[in-house]
Amino acid sequence: MADRDATSFFISKLQRSYREVRGRSIELARPLTAEDQCIQSMPDASPTKWHLAHTTWFFETVVLMKHVAGYVPFNEKYQYLFNSYYEALGPRHARPMRGLLSRPSVEDVHRYRHHVDEAMLRLIATADVGTLSQLEPIIVLGLNHEQQHQELLLTDILHAFSCNPMRPAYASVPAVHADEDIPGEIRPVQWLRQAGGVLDIGFGGQAFAFDNESPRHKVLLRPYEIADHLVSNGEFADFVADGGYERPEFWLSDGWAMVQREGLKAPAYWIATAEPAGAPCCLRVWEEFGLQGRHPLVSTAAVCHISFYEAAAYAEWSGARLPTEFEWEAAFHAPGIQHMTGHVWQWTRSSYDPYPGFRPLPGVAAEYNGKFMVGQQVLRGGSIATPKGHTRPTYRNFFPPATRWQFSGVRLVRDI
Amino acid sequence: MADRDATSFFISKLQRSYREVRGRSIELARPLTAEDQCIQSMPDASPTKWHLAHTTWFFETVVLMKHVAGYVPFNEKYQYLFNSYYEALGPRHARPMRGLLSRPSVEDVHRYRHHVDEAMLRLIATADVGTLSQLEPIIVLGLNHEQQHQELLLTDILHAFSCNPMRPAYASVPAVHADEDIPGEIRPVQWLRQAGGVLDIGFGGQAFAFDNESPRHKVLLRPYEIADHLVSNGEFADFVADGGYERPEFWLSDGWAMVQREGLKAPAYWIATAEPAGAPCCLRVWEEFGLQGRHPLVSTAAVCHISFYEAAAYAEWSGARLPTEFEWEAAFHAPGIQHMTGHVWQWTRSSYDPYPGFRPLPGVAAEYNGKFMVGQQVLRGGSIATPKGHTRPTYRNFFPPATRWQFSGVRLVRDI
Amino acid sequence: MADRDATSFFISKLQRSYREVRGRSIELARPLTAEDQCIQSMPDASPTKWHLAHTTWFFETVVLMKHVAGYVPFNEKYQYLFNSYYEALGPRHARPMRGLLSRPSVEDVHRYRHHVDEAMLRLIATADVGTLSQLEPIIVLGLNHEQQHQELLLTDILHAFSCNPMRPAYASVPAVHADEDIPGEIRPVQWLRQAGGVLDIGFGGQAFAFDNESPRHKVLLRPYEIADHLVSNGEFADFVADGGYERPEFWLSDGWAMVQREGLKAPAYWIATAEPAGAPCCLRVWEEFGLQGRHPLVSTAAVCHISFYEAAAYAEWSGARLPTEFEWEAAFHAPGIQHMTGHVWQWTRSSYDPYPGFRPLPGVAAEYNGKFMVGQQVLRGGSIATPKGHTRPTYRNFFPPATRWQFSGVRLVRDI
Amino acid sequence: MADRDATSFFISKLQRSYREVRGRSIELARPLTAEDQCIQSMPDASPTKWHLAHTTWFFETVVLMKHVAGYVPFNEKYQYLFNSYYEALGPRHARPMRGLLSRPSVEDVHRYRHHVDEAMLRLIATADVGTLSQLEPIIVLGLNHEQQHQELLLTDILHAFSCNPMRPAYASVPAVHADEDIPGEIRPVQWLRQAGGVLDIGFGGQAFAFDNESPRHKVLLRPYEIADHLVSNGEFADFVADGGYERPEFWLSDGWAMVQREGLKAPAYWIATAEPAGAPCCLRVWEEFGLQGRHPLVSTAAVCHISFYEAAAYAEWSGARLPTEFEWEAAFHAPGIQHMTGHVWQWTRSSYDPYPGFRPLPGVAAEYNGKFMVGQQVLRGGSIATPKGHTRPTYRNFFPPATRWQFSGVRLVRDI
């Protein structure tokens, strides 16, 4: 009987998680029109509608089609349309052309979600314990996958709106984390001393974590100091005003090439305002475009939408450096440290390499993380757009160093 | 009193034309969802919604803002968003980014149309005779401009749908010309002998015509023979099966480079079906994608969606040649000639050059035609997508020689 | 005996022509080092060495290999390396990679020329009359072909040197036409009235002409006035100083796009000097880079190295227009007209289209002209770099409208 | 007196090093014609002549102009032409246009070298001890810099020759390391067990090393096994024949995209021979193009000219993995290990990141290594093209993961 209770608790917890996560995707899309949900502003971004369908495709393909006898796919063509990058699951619609899919409509995609959700909830409710304990990891992976796309949905629509001269606001304070803890003033950095030594890094628990956080292993760190808070807009504006984007000595070579090639002058969504044409960098006044629309730059908020190159150049200018991902993880619980999650993802000086002994998940999920382990930098933490509860201290986010459309910022460390 | 009658007849005719043309644009968009109307599948094409707004912007900018005291623009930003290429009318949204404008919505654009239509009809109804006779040419230009965009609306959505693996049908037989006169069988060409000589070419009447059709002037032609009907799909399939796309001897140099670079094997929307992988060209079976969706190739219909290069290569293969635009115009009323309009635009061997004595229209309309007179070929006739009554025997359509997404085909001539 | 005399006169004339033309190519390359002769500064240009080899390949492939029994090619691989664009003669080395051919060396190419020249002169000396009269047209074509490459050799090395910050001079006054007839001062244009009417256009003689000059045919022209002299550097500098490159109203659409995209401010080899950074166009002082190196702009010399777009914009600004190629040809012998050849090629308003009844030469030479008849503009006249005696009043040169590295300028006409 | 002896020994050693290294560059260029030395086959490669001049520019700019009063540069323009990427040393000729510099000639560059060598040797011979001990590190850096360019000279000319259908041989066995120790047969791998633990990594000696090898620091390694020898051509051919380039499951995502985009089928200079068109991968027979020209693939030699992606895919296919750079360095002196240097550079799984506590050299040399520390992979070892004595066990070479034109191969490790 205890067993039956445990099983039914397990089932109802899984059902609740499934409903919550799936429901939140719909919530996030609610402020958007059908047209908003259709557009793709660059190859790296995807339409809202595509995110809604692709996360559904994941459950259909990886769970239902493999584990439910007689399951009939909602639409055969969706297998092709909504595969992202899984070579083992067949050919797929070219990524840069996702924005041309006016059909299926948003309503079709909602119907698709409904169809799959019903089948998934039925499976969870009716599967025997053995099956369920086998399926639970892949279902939880699917939910974490969907949470990742929830953040992408926001970063992608923000980029799309930034391309529209009307500058529409996504405008949904409740849809994202409250920002109430933005400090009222810029405080000097407190440098928190960390002893280093041989430390355990990576995930070692029983709950869910991505394969790239494993295996937990020992890393040898030298002593260092870490900033108690994130670099703020105001601090970054000092770098800009000091000619930060005009002085190659602060930049990695690839970063300087990007600054020159794309004419960068400030973080991605900063807008120079009220400046005479050709005003020098020290006289510019900035506004920022964000999910709430266009507004004056908030000096005390964390600087956001910067590439790894800009983070590294800022660190060089300031006389400090970026943390490695190990230093960041080791300081997660340091007394006095603030804003480790919930504000901006924090670029680290670590390339996205496999941990010693890393092996990808078996089966389809093998393509989830491992095959991207080259040419990217690790970000740690989590942003205002990250679903609550999605990240962990060991969580490894990763993007190419030129990436600017994510909610990415910077925290500094120093050698002792 | 006769004068008053004439004026009110003139007014009501202009009102009726305005309402008819403007209403037809809405009709053409009706089978499309809001998402369909938002997408842009290549830089040369535009979203349906953009066509609806741009044609409205033309009336607002060129008529209302210049001729109605106190007119308040519907939205200041639309001046920037919906200008196409008029340098004299200020900066504009980049053409390849038209598909990112999820806002304004289709509904906003309908409201914009309504706002402008009310102001236009009020202006027509209330202007004094002097003003009206001054405005009428520019209004009629605006209506002809809108008709051109009506055809583009169809060509552009067809291209967009062709990029969607679901191959949606625009599916609206009543929305386009009836095709009932497609011949039941492929008949041998009748060569219609034309005497040539010194002939008048270009528009010389009182009604509306574009500036590029003027001035009417004399051209000296040698005798020639013109085909009574268009090259059909079946005839073109013979060219394909004879290795037409694999034999450089038929092709202009730029055309052959395009065939190689883009791997062309057939007209734009032909789809090889039921063929073993790598089957030789002579064994392929073709379907065609069109406004009605995907269907087997109709052998007797005119070949369509070919570039100038393909038209010229076909002509070379067949031992004939393309007509000059003068030969085409001179044969317009030749006894026995068929399908000069209403099927496909017909590529001519004439570059799009100014007629002797050509001067662009004064004012804003100067940019309408003249500035495009280089690097393009003239097409004559009119297609199933051309609004009824829009073309004339002297009408000069023009596109770059690589263009394939228009309803473009071919008619042959021969020297005598 | 008269016959024998005629034959030997014919032979010795052909031998003399062959030696003269072939010798001049070597002369033109003499001021250049082996390294100079190897480089290719853009895909449209070719290395000097390649010109020397390709013109030789033409004689080897089209004459010797087809007409000399037992002829052994100098090197089998040269067939592949030195074919330019003849599809019928097999595959070929990619055009943009001609500059990577450090081997064969210049000396190898000289040996190749020597080998072919000996075989050619032996053939001419020993062929029977029947063979020779059959071969003479193709030999003369080969010599005219080589003369065209002699001009390209100069345009191409000038472009290559313009990419070198050391700005080397080709420096060879005797290698190009004397410029002694550059006027001492800029004179006002004399407009020479031409009556028009039905005129004969194209080549009708017995001597050599290219196939694109035929057939001679009648063209109907309206009366017009043609400028007695070419537009000078000084006149063009007035256009520049008047904001010519900053005012879209003068430009064809494609031309304005090129101005914007490439940041054009003046003709191709003009160099702004002694100007404060960002000086307005009206204050710039110009130097020019040419075959003699860098020197102050000569106001009275014909403006050179302009594209068709710039020629057309200048004409628009000046209130005149470009001549059609027919108007140009018809005015060739107009009393008082100057500098029709020997200074700059003159852009015409005529697209490069086939003449009525045009058929390409049979055989390999079919690819010589006809397959380029789209997307190009006709230039007439001849430049300082054109070999003496190479052109005719009916000669049609052609280049895409964006071309700037040729010796191309402009002469105006006006409607009456 | 002992001091005077020490000083003169120090001076003569520096003179000897200088003469040896500088002389070897000339030796390496000797088999090449002036034309060979001028060409640049891709933006990442440089002409031989440019290498000869740039290494000279380094001494002139960094030593002579800063430390010799009254030194007159050989040619002011060379400062601009031969700067590679030093932002602090002013603007420079665009990298992709180095191949257009027919001037200065090879002879000019030799004169430049002579001029600088005389000034350098005079400086070394006449400087006082204090100056000399201050200059010695930068001179030694310059010599190591020149040795790096000696290897690039060979990789670059090999790439250039590979673009020439004549496939010229650099052909100079004595110019590169003897290959006499290529095994006679492919032996099974011996896996050499390494204990791991906390190990010292990086350079800690007194002699010269690059800044990127410092500081020496402790790294914690898990136990592993390393292959005693390099992956051979024969072993790699098995991977190819097993469909290695056609099966995405072995590849990193960026690597698979490169395979698809560029149609890769084998290492960079392998040439399929004697195969029926479209033969399956398992039936291909391979030749290889190298410094000695084209020859049959030597099965027992180390596979070369593969990218990091190919190295990683091979490792995945074989069931092993790539070593980290730390694992590689720790195993350098492992008993039984072979071919750690002198054959091919060995790709490691380590991104090119700074060592803990790394600071770039002060002054101009700051740009030498540090600014490239992103987006690249570390290679260890040294190749047949690396100058003898140039590398160390701690030496870190680095290239982007797509690089194929270097002498790069692979050695495997396994977890225990």
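Letters A, B, C and D name the chains as they come in the text, with residue numbers starting at 1 for each one.
As a working rule, contacts are C-beta pairs under 8 Å (C-beta built on N, C-alpha and C of every residue); 3 or more make two chains touch, one makes a residue touch a chain.
Listed by chain with UniProt protein names: A, B, C, D = Ergothioneine biosynthesis protein EgtB.
The structure presented is a predicted model; accordingly, all values stated were derived computationally and were not measured.
S.K.: Check every other chain and keep only those touching both subunit A and subunit D; list them.
M.R.: Of all the chains present, none is in contact with both subunit A and subunit D.
S.K.: Please report the smallest number of touch steps linking subunit A to subunit C.
M.R.: Shortest path length, in steps: 2.
S.K.: Would you mind pulling out the distance in Å between where the CA atoms of subunit B average out and where those of subunit C do?
M.R.: 37
S.K.: Which whole number of Å gives the spacing of the CA centres of subunit A and subunit B?
M.R.: Distance between chain centres: 46 Å.
S.K.: Centre to centre, by mean C-alpha position, how many angstrom separate subunit B and subunit D?
M.R.: Whole-Å distance between the two chain centres: 58.
S.K.: Mark out which residues of subunit A touch at least two other chains, giving numbers and ranges.
M.R.: Counting only residues that touch two or more other chains, subunit A contributes none.
S.K.: Please name which positions on subunit C make contact with subunit B in the complex.
M.R.: Touch residues, subunit C against subunit B: 85, 87-88, 198, 217-222, 248-249, 251-256, 308-309, 312, 349-351, 353-354, 356-357, 366, 371-375, 377, 401, 415.
S.K.: In their shared complex, at which residues does subunit B touch subunit A?
M.R.: Within the complex, subunit B contacts subunit A at residues 33-39, 41, 77, 80-81, 93, 97, 99-106, 160, 163-166, 168.
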